[in-house]
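For clarity, chains are labelled A, B, C and D in written order, and residue numbers in each chain start from 1.
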Amino acid sequence: MFRNAWLSLASVGTVTISLLILGISLLLVMNAQAFTRSLESGVEIRLFLDSGLSRVDVRDMERELKKTPGIATVEFISREEALEEMKKNLGDRQDILEGLEEENPLPDAFRVKAEKADNVPALAAELEEMKGVDQINYGRGMVEKLLAVIKWVRLAGGGLIIVLGVAALLLISTTIRLSLFARRKEIGIMKYLGATNWFVRFPFLLEGMILGFTGAVIASAMIYLGYISLVNRLDEVLPFVTLVTDRDTLLVVIGGLLGLGVVVGILGSAFSIRKFLKV
Amino acid sequence: MIQFYNVSKIYPNGVKALNDVTVQIRKGEFVFLVGPSGAGKSSLIKIIFREEMPSRGQALFNSKNITRLKGREVPLLRRKIGMVFQDFRLLPQKTVFENVAFAMQVTGSSGRAIRDRVPLVLSQVGLKDKAGVMPSQLSGGEQQRVCIARAIVNNPVLIIADEPTGNLDPDTSWELMNLFNEINSKGTTILMATHARDIVNTMKKRVLSMTGGRITRDEESGVYSNES
Amino acid sequence: MFRNAWLSLASVGTVTISLLILGISLLLVMNAQAFTRSLESGVEIRLFLDSGLSRVDVRDMERELKKTPGIATVEFISREEALEEMKKNLGDRQDILEGLEEENPLPDAFRVKAEKADNVPALAAELEEMKGVDQINYGRGMVEKLLAVIKWVRLAGGGLIIVLGVAALLLISTTIRLSLFARRKEIGIMKYLGATNWFVRFPFLLEGMILGFTGAVIASAMIYLGYISLVNRLDEVLPFVTLVTDRDTLLVVIGGLLGLGVVVGILGSAFSIRKFLKV
Amino acid sequence: MIQFYNVSKIYPNGVKALNDVTVQIRKGEFVFLVGPSGAGKSSLIKIIFREEMPSRGQALFNSKNITRLKGREVPLLRRKIGMVFQDFRLLPQKTVFENVAFAMQVTGSSGRAIRDRVPLVLSQVGLKDKAGVMPSQLSGGEQQRVCIARAIVNNPVLIIADEPTGNLDPDTSWELMNLFNEINSKGTTILMATHARDIVNTMKKRVLSMTGGRITRDEESGVYSNES
């Protein structure tokens, strides 16, 4: 009894730790991706218009833009609004713009958002050719950099999760294999008494499942409570940093951990037991 | 019941444990297998039990070729045989009762049948006080008797005992031989490898004598050895 | 032999995976901290001066500022330089500043860097009272936020490393304990033959050390090569993202992993073997 | 050499294996320990070897109180005793040669001494062909003889053998008894728990007979039991 308890504890502990690491990384990556997504959605193209366009021209352009594939939203910004915005940006030193109201040097503009930030450079090139457009501005350079960073964060995040997932699988199945190894004689004896493979295998699979599930439950609980309290604490100290908190995401993480724990528990036992059954 | 035709067993390290053994054991017989240490007694037994495969020759059990059994037929063979292992092979995590009961669970016996039968068998081998004890808390002879109880609990058609009295005092040994005799008289075949000269000489059963992997003597109502 | 080989493989694998995770996180945290440090060093206070100060006044102020405790660097920015800078920031649209050269509305200023970013708010308040200072600007709000974020990144990074370090310790020592458990009979027999505790322990400690070291070497090599190639690849794709690459940092990480592997290998064996020695 | 004063052993599960045992064994004696299975023979032996501690009473070895040995003195005690375990206790990862050699390594013997002595001892127990083989590849009797070789290899002052002939045929058993006799004649004390009636009756040595944890008979030149 005690020996078995110890073996089980070791296995549960390993499952817990492995899934804990995996779960934490999952949340980290998910937050990084949510953050990059919010950066992405901030990317916009500004079309500065030729001066002297009529209202009708502008409305036609707007309609045409909305039809263009790949464009998500279009917003018209008059030269007056543009000046106001500029003043706001200058803050303390807006006095330097004083007097410009009379002869506002800024043009009318459209603010266009692409459906996919990836398309922004191509779309910008296309829109530059449009009739009535004087100049285009989308933070050339910056956007390309941002897109590259976002791509890398996604790739690195995905890679990290795969590596950690495989690591968790290896760790858990190694532990299960070691604890089966410590009981290999028992398995052999069962076979010598005329037990079928399934008769021997079943309790071990059940045990593997329970171990995996227990470990996953502990890991999930720790992650859930830890994350919730982190979110609350961050809310107090860094109210401007927003972490992913929607229930669906958390459910996906926790459900994934539970499923992984159970599946690895069963499969780990099933694979490991095979070689001890050959007697 | 058991037929060996020109069976040889050469272990991977080159040791020739059985050398062209041809022998038959009929249903209901009581056979002693004797011979010096290392003669090949356990190897012969392991082939019947399909713990080892013969290197050459054919071995039949109930007219079925043991060598050709499929993986899932092996458990069925083993359930027909009650085996007393020379090295005991008790489950260390289970009590005496559970060890014996396990042999019944494996064959799908009901809980009721187990609760009825196991205590009976344990008292037949003189261990009814030790039912709740772990194997590691038993004396050598007691462990051996648990193995015997486990071997007979399923009323097998064949009992193979590999030196079942090696750790037993003469009185207890005789009690067990009487038990085996009784079981044998009800039709169960018994094959027993042993070094107990007294027992073999007194019982006057068939004796198979092995030396260096060969059967060198096969006598009805035989004795342990001819010289002494 | 083969059995032992399998056990050893399992232990080495666990050490490798655990240290790999730990090492990756260490690099991650170190980079995050280097990044926050670079953000921190970008924080500066701008002192806008009263108009009509003489050159001598300005030079006196500069001298006084340099004496103020907590200030790292002081740089004078004339109103002309300020206008140039502003033009640069506006980029495409610098035409709106045209004509301002004649009657430059910007004041002279000092750019002051604090020794510790933490002190910036307090220092700013102090400098605001200084004679000759008209206005002060240090990105009030932003700096406080930045400082809070930096503090959190440090705390979270430290916490992560501690948690992962403990997890690695637990995983490795569990594996070693399981593999000793599978050999507990062997240990008992040695004791029964009259072996002293040290005679039994020594080969296991040696084995633990070799296992830990092997695992650590594999993990270190993977991390080193992986990181170098990551840095090179990033250099191509994201030339503006700079990862920590100085040799000392890498040596600290790799040395730490090697040391940890060896120490855990030895200590894990030593602790685990104790209970099997009591026969 | 060995003195037991009112030694009792009660196992944690309540079994009283030894009941007020008082006995002395002098240096150079050859003593048989007999008695039915579960009588307490192995328990008595385990106390001398300090595998178990007595629950009551004192046990001395060479005038030293075994009960009061410090942890680091236990190995020194065990090195003076050559022990044949009832359950063999061979190292499964080492060959026959290494198993026997290991007992010498433990006491710090030189590599040269080991290479000289081990083959000699292995041939004394009839296993010189099996030096390079793993224990799992040996027959039961061969494993038992490896244990015996390991017990005598260090020329201990006391040899304790717990049923050393349980898996051996009579001829091999007699060879070993001759070996023990020879060793004993050179001054080594021998204590042997056994069920081999023939051997005890023929050897005419001192016989300690146990039943239910008590020493019930202690005769010089005794026989296995009085009844038969």
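Quick note on the criterion: a residue touches a chain if its C-beta (ideal position, glycine included) is under 8 Å from a C-beta of that chain, and two chains touch if they have at least 3 such contacts.
Everything quoted here is computed from the prediction, not taken from an experiment.
**Q** Determine the set of chains touching chain A that also touch chain B.
**A** Neighbours common to chain A and chain B are absent.
**Q** Using mean CA coordinates as chain centres, what's the chain B-chain C distance in Å?
**A** 69
**Q** Please compute the C-alpha centroid of chain A, do the same for chain C, then give the distance between them in whole Å.
**A** 23
**Q** Just how far, in Å, is the C-alpha centre of chain D from the one of chain C?
**A** From the centre of chain C to the centre of chain D is 64 Å.
**Q** Among all residues of chain D, which ones touch two or more of the remaining chains?
**A** Expected reply: no residues.
**Q** Where in chain C do residues touch two or more of the other chains?
**A** Within chain C, no residue contacts more than one other chain.
**Q** How would one label the connectivity among the chains shown: line, ring, star, complete, or other?
**A** Its topology is that of a ring.
**Q** Determine which chains touch and list them pairwise.
**A** A-B, A-C, B-D, C-D
**Q** Any idea which chain A residues touch chain B in the complex?
**A** Touch list, chain A to chain B: 1, 3-4, 185-186, 188-197, 199, 279.
**Q** Give the list of chain A residues in touch with chain C in this complex.
**A** The touching residues are 6-7, 10, 13-14, 17-18, 20-21, 24, 92-93, 95-97, 100, 105-106, 135, 137, 145, 148-149, 152, 160, 164, 167, 170-171, 174-175, 177-179, 181-182, 234, 237-238, 240-241.
**Q** Using the touch definition up top, name the residues of chain B that touch chain A in the complex.
**A** 49, 51, 71-72, 75-79, 83, 85, 89-93, 102-103, 106-107, 150
**Q** Inside the complex, what are the residues of chain D that reach chain B?
**A** Interface residues on the chain D side: 11, 13, 15, 34-38, 41-43, 86-87, 133, 137, 139-142, 144-145, 162-163, 166-173, 195, 197-198, 224-225, 228.
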